[in-house]
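Shared between the two complexes below is subunit A, which has subunit B as its partner in the first and subunit C in the second.
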Partner chain A sequence: MTLVEFMISGSIAAILLSAVAMLTFYTGRSFASMANYIELDQHSRGTLDQMSQQIRQTTKLLSATSQKLVFLDHDGSNLTYVYNPTNRTLIRQKTGQPDKVLLTGCDNLEFNIFQRNPINGTYNQYPTANAATCKLVQLRWTCSRDNIYSRFNTESVQSARIVIRKQ
Partner chain B sequence: MVEVLVAVGIIGIMFVSLYSGFSSGFAVVQLARENLRATQILQEKMETIRLYTWEQLNTPNFIPTNFLEDFYATTNANSGVVYTGSVTIAACPITEAYSNDLRQVTMKVQWESAGILRNREMITFVSRYGLQNYIY
Partner chain C sequence: MQITSKFHSKRGSALLVTLVTAVVIGTTLASYLGMVKYQNQSNMRSLYWNTGLPVAEAGVEEALTHLAWADTNLAQYGWTLTNGSFYKERMIGTSKVQVRMSVTNPPTILAQAYILDPKNNAFIEPPRTVRVTTTNDALFAKGMVAKGVIDLNGNNIETDSFDSTDTNYSTNGKYVASKSKDNGDVATNSGLINSLNVGNANIKGKASTGPGGSVSVGSNGSVGSKAWVDGGHNGIQPGWTTDDMNVAFPDVKVPFTGGGFTPASGNVGGTNFQHILAGGNYQMSSLSMSGQQKMLVTGNSVLYITGNASMSGQSQIILAPGATLRMYVAGPTASLGGNGIINNGSALNFSYFGLPSNTSLSFAGNAAFTGTIYAPSAAFTLGGGGNNNYDFVGASVTSTVQMNGHFHFHYDEALGKIGPRRGYTVTSWNEI
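Presenting the complex of A and B:
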């Protein structure tokens, strides 16, 4: 093999290796993001299902802020959902049961409460500041996971409205 | 020389297949996420149907017939896929005597994913003497 042949083959090999390296890098990043998305969606969906089921069968809302909801549960005990922005967690508290962390890596979470009266020509209900007149609870949160490239590259947003059936 | 060409060809096919598999997998996951969001949108709209009275349900345009929703529910510069929704309130397709006391509510969302128009829908019945009468 002459020097010229060696240089040409070396250049081709370098180009090919660069292409493979870039593809590997891109694929690795995509795999990391996808794994995060799946994990986030799995947890968010599970939490949403649990909260929907539990809030629907509560008796009424006792107090509410944008980060904390306290319900009177169907069995007469208190059921609380509280967001801790410092720890980025959503926690479920129920009298007589250990606290349960529903969400981790939660960057923001907001509760809103509404009356039952729908607003004409919209899908919205009238908001309320009084827990006693609350019929509808809206949940919104954004969770994210670290990945090796950037933290907010992987985030999942959830939103739901839940009607308190017994109220 | 022939062996090298054959080997390179096989390696080429393997790499293309490998990365096609990755690409398909990512597309499937993306579609699953979009499906999940579509279900959330439908569920959210359907959840509030029980709050309307029979009269409100039957008043034209009291419930809007069309809506738009973003993939990302919160305000975000990158709102992602946009879902176009529609709500149809129609007579119930049954022959029983009480059919006039029922309405069929159909919610549909459409969105475009990878150049393909996707559709999902939910259907429920609402009765005149049903859910909306449970008012505190």
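Presenting the complex of A and C:
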């Protein structure tokens, strides 16, 4: 093998190895992001399913802020959902039961409440600030998780409106 | 310069590299597919979970609709009496719902939703199950209700409540001011500004409007509890108004078909009566009473007036003790003046129903009125009011209300307990 041949083959090998390294790098990042997203989405979806089931059968809403909801549950006890922006957690509190962290890595979360009356010509309801007239609760949150590369592409956004059936 | 390679080509090295590469790529692909499968399963689980709810609630709706239309015979239209409950099963798309209604009254409804798993072509177990309890809601759950504007324009107008079935809140079933309560609610569905004009009236009860609606109170008007109003407070007591009134007013149906008796005239106890209703179904093309004319009701009667109804002069409708009258008016105009309805029984004994074509109802004169009015298409006008506080006892549901004079409006809470019903509604909802 001549020196020229060696240099050419070396260059080609370097290019190929670089390509393989890049492919490995991006594949790994994509893989990590996807795994992160799937886990995040599963947690968010599971939380939303649980909350919708529980809120739906509460008796009524007792108080509400954009980050905290207190319901009178169907068994007569209080059921509270509170968002802690410092810890980025959503916590469920129920009288007689230990607190349960429903969501972690919650970047923002907002509760909105609406009364029963639909706005004419739409499927929306009138918003209210009075918990006593609340019939619908809207939940909306965004969660994210760090991975070894970045926080991008690992967001999970969930939003739902839940009707309090007994109200 | 010649460089001699130290690496000798080895047979199979290319194959080895290929195999290693294939294993790496294969493992990566398998992992991706595994994650996609996992995500898909998660999505499907959530989809099935959430699909189950509308299917179960469709079953509840099916049961409520059946209760509204099947009358007393619930074992029809596909419902069967099975194992002590009424049962129906139906497909909704590829999903299945099984609904059971208890034979009790009001019934408890149990709906189980089965969602088809396309992978196995079988329904997923366990089903999502919803149980609701119901009540047959009162037609007159509040004192004065209207779809549109309520204008209490007059002096000394007052609303309150009593209970003709409770001796603590009535005497011999009659309203007594000293035993009155503060459930004389006034409510409108309207969301207009000032949709409820209280003026200078005293409302011993809650004032409700639709969303965006508002309650206008004059300088001497008062809305609130009995203690608030009797205490001389003006304005609205905190917590005694709401703006989420949202009630459907079903149309009145023709009470019977095939015709009824024409009321005969006669003399009873030395008094001449233009019309005598001795019980059963009666039908008239119109009702016009004036001067001293009288109508006597001696039994449980239904009077269907296909045209207008008018009472003037000193005419009156007299209900004998124990008798009841359900008056249906299809004509556009009804005027209950003269000496009005002489009903010494409770508000349950006289009922006025205005069909959708009945768009105007006026109540004038100084006679007291004891009964109920359900005319959701009629503009209701009240004038006069007499000199005592026994003016209007019962409840009303109309399109609008214009009150003049000095009426005292006493809602009989017995109407909410044992009065006519407007249909079954859900009182509790639980997923089990």
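General remarks:
One rule holds in what follows: the second predicted complex is superposed on the first by the 165 of 167 C-alpha atoms of A that agree within 3 Å, B and C clash if a C-alpha of one lies under 4 Å from a C-alpha of the other, contacts with A are read in each partner's own complex, and residues count from 1 in each chain.
The working rule: contacts are C-beta pairs under 8 Å (C-beta built on N, C-alpha and C of every residue); 3 or more make two chains touch, one makes a residue touch a chain.
What you are looking at is a predicted structure, and each value in this text was computed from that prediction instead of being measured.
Legend: residue contacts after superposition of the two complexes on their common chain; A:27 is shown touching both subunit B and subunit C.
Of the two partner chains placed around the shared chain by superposition, subunit C is the only one that A:126 touches, whereas subunit B remains out of contact.
By the touch criterion defined above, A:74 reaches subunit C but does not reach subunit B. Touch criterion met: A:49 reaches subunit C, while subunit B stays clear of it.
With both structures placed on the common chain, the touch criterion links A:159 to subunit B but leaves subunit C unconnected. In the superposition on chain A, contact is made by A:57 with subunit C only, not with subunit B. By the touch criterion defined above, A:38 lies against subunit B and subunit C together after alignment on the C-alpha atoms of chain A. Contacts of A:66 after superposition: neither subunit B nor subunit C is touched.
In the superposed model, A:3 makes contact with subunit C only, not with subunit B. Under the contact criterion defined above, the residues of subunit A that touch both subunit B in one complex and subunit C in the other are 27, 31, 34, 38, 41, 45, 116-117, 135, 165.
Taken in their complex, subunit A has these residues touching subunit C: 1-3, 6, 27, 31, 34-35, 38, 41-42, 45-46, 49, 52-53, 56-57, 74, 115-117, 119, 126, 128, 132-133, 135, 165-166.
Of all residues in subunit B, only 19, 22, 25-26, 29, 32-33, 36, 40, 43-45, 47-48, 50-52, 56, 61-64, 67, 71-74, 76, 134-136 touch subunit A in the complex they form. By the touch criterion given at the top, residues 23, 27, 30-31, 34, 37-38, 41, 45, 48, 108, 116-118, 120-123, 125, 135-136, 140, 142, 157-163, 165, 167 of subunit A touch subunit B in their complex. Those residues of subunit C that touch subunit A in the complex are listed here as 1-5, 28, 31-32, 35, 38-39, 42-43, 46, 49-50, 132, 191, 210-212, 242-244, 246, 426-431.
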